[in-house]
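Let me begin by presenting the structure, written as structure tokens, before commenting on it.
The chains carry the letters A, B, C and D, assigned in the order they are written, with residues numbered from 1 in each.
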Amino acid sequence: MPDSDIPTVLKPFPIVVRIPVQWSEMDAYGHVNNTVLFRYFESARITYLERCGFLESYDTNRIGAILHSTECRFRQPLHHPDEVLVGARATSVNDDRFTHSYTVFSQESAQVAAVGSAIVVSFDYEKRATTPIPVSVRDGIARLERAAEGSAIDAR
Amino acid sequence: MPDSDIPTVLKPFPIVVRIPVQWSEMDAYGHVNNTVLFRYFESARITYLERCGFLESYDTNRIGAILHSTECRFRQPLHHPDEVLVGARATSVNDDRFTHSYTVFSQESAQVAAVGSAIVVSFDYEKRATTPIPVSVRDGIARLERAAEGSAIDAR
Amino acid sequence: MPDSDIPTVLKPFPIVVRIPVQWSEMDAYGHVNNTVLFRYFESARITYLERCGFLESYDTNRIGAILHSTECRFRQPLHHPDEVLVGARATSVNDDRFTHSYTVFSQESAQVAAVGSAIVVSFDYEKRATTPIPVSVRDGIARLERAAEGSAIDAR
Amino acid sequence: MPDSDIPTVLKPFPIVVRIPVQWSEMDAYGHVNNTVLFRYFESARITYLERCGFLESYDTNRIGAILHSTECRFRQPLHHPDEVLVGARATSVNDDRFTHSYTVFSQESAQVAAVGSAIVVSFDYEKRATTPIPVSVRDGIARLERAAEGSAIDAR
């Protein structure tokens, strides 16, 4: 996807993933069920965690990310067929956690369908306790956020 | 389920639904995926909307509930096999919306696995606009909340 | 659940699990989506694999079950609210695989909603190859099937 | 997607949809859960039903498609990240039903991950009974199958 095709609202997001809306994601009200939006968030979050080195950190020294909390504000119902673009970016980074901001953009309506956020905590899976974000991950986040502007857009 | 079996933390909730954890609800980390908690919330919410008359209101005059936003704070990972009790109660009721509070209790660990909330808006599906909560629904909510203490517990 | 409450059609099944139908399992046609029936099968299958010792076999010597294929015949649409009883039994046991038969019974309609089957293969996860069903598992299956008549009914 | 990029195995399929594998589709075994393959089938089926006129037939005269049965043979486990191509074609068309054949192709492994089929029945939703496939739909199916060779490929 060329940069020029990224909607303006997603330009500040270093990670933008593209997800086709599946027919079975709609519920009995005929629009995409609210829980699916959290799945969209998760897909963008996982790609972000891959790119900033947090998945690798878990594999090498068992310090990984854990989800503390998440929330979503629904703006427009989504329907099949459609394709959404889901942006993820870090809006604040603290010692042992950071906040993710998400935006779901409907290509069909050319509007924002939902916005949300999550608090992601750095967790030592050996010691079963929160722990400072590893330096390599902190650098990865900084690198991603500097690049921003959807430059890491990804179809997965 | 006799009242005496309801955990103390769920006593203030007029609606408590029982849901067995399904094996396939666990993700690659081996615990129940975060999006499933929102499905648990929804199951309690739908039962609440049935009992307070909001589903009937939609059927008779197209004034129904619409989800404005929702959030979840994860406290303890859930695993199969387990059975959760999910409580829903209204914590504030305004002119055209009310706030729901949810608690997910794990029978296996005898602990709270997650807490959350949602803002539910009264919506006129004909006029496509928010509208005051119908009087009958407002009464239904008041009746449920007075009863409280898990008295409307339901296995579905 | 007392034996007397088990519907006749499920009496030949050694494993019967009880699952409440969740509202969000319904799709845009207003009935439970076809993929959910396979989740119901899986829940009964996993309980069966636990009881016959196949999950333990995987944990102790990495010989576990793998799903070769599965199929479902839909008989009656399901809706929320309802609670289904899902039976699983082995209908044939060969050297390195067995066939499972499933029946999903709707408590609301007191009718069979779907029937299906699966071929489950014994797999050596170290050698990445099929392998004979371990003797302990073979005995576990025989024990379960002898007992049958829903005697191992389980609410999860 | 240019025709030249369609894998040979999918060339006989008039409908090929592209679906990115979502991280949360993996279960506790670390690969895509079996029920998700049926969702992939459904996404291809719905696109097929749109293109052959069966969705429109339901909207105009309440004669629509209903799923009789479906089955899947799993060949290779799928993982995130990956993108699958899912083909659907009609392999036999009878008076009141047709058989769909599906193939799920992993772009990551360049191999077939699963094959399956479904029997789709023509149903009069007013009379609650099976009914001959409408002529317009029968023509739509014939048109699609003549074109074949992935010419109707679709990213949704």
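We take it that a residue touches a chain if its C-beta (ideal position, glycine included) is under 8 Å from a C-beta of that chain, and two chains touch if they have at least 3 such contacts.
Quick caveat, the model's predicted, so the values are computed rather than measured.
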- prompt: Of all the other chains, whose mean CA position lies farthest from chain B?
  reply: D
Query: Counting a repeat as over half of the contact pairs in common, which of A-C, A-B or A-D repeats B-D?
result: A-C
- prompt: Rounded to the nearest whole Å, what is the centre-to-centre distance of chain C and chain D, using the mean of the C-alpha atoms as each centre?
  reply: 26
Message: Taking the mean of the CA coordinates per chain, how far is chain B from chain C in Å?
response: 29
Task: With chain centres taken as the means of their Cα atoms, state the distance from chain A to chain C in Å.
output: 36
Residues of chain B engaged with two or more neighbouring chains: 23-24, 33, 35, 39, 42
Query: Taking the complex as given, what residues does chain B use to touch chain C?
result: 17-24, 39, 42-43, 46-47, 50, 80-83, 155-156
- prompt: What does chain B use to touch chain A in their complex?
  reply: 33-36, 38-39, 42, 67-74
Statement: The chain C residues in contact with chain A across the complex are 23-24, 26-28, 30, 33, 35
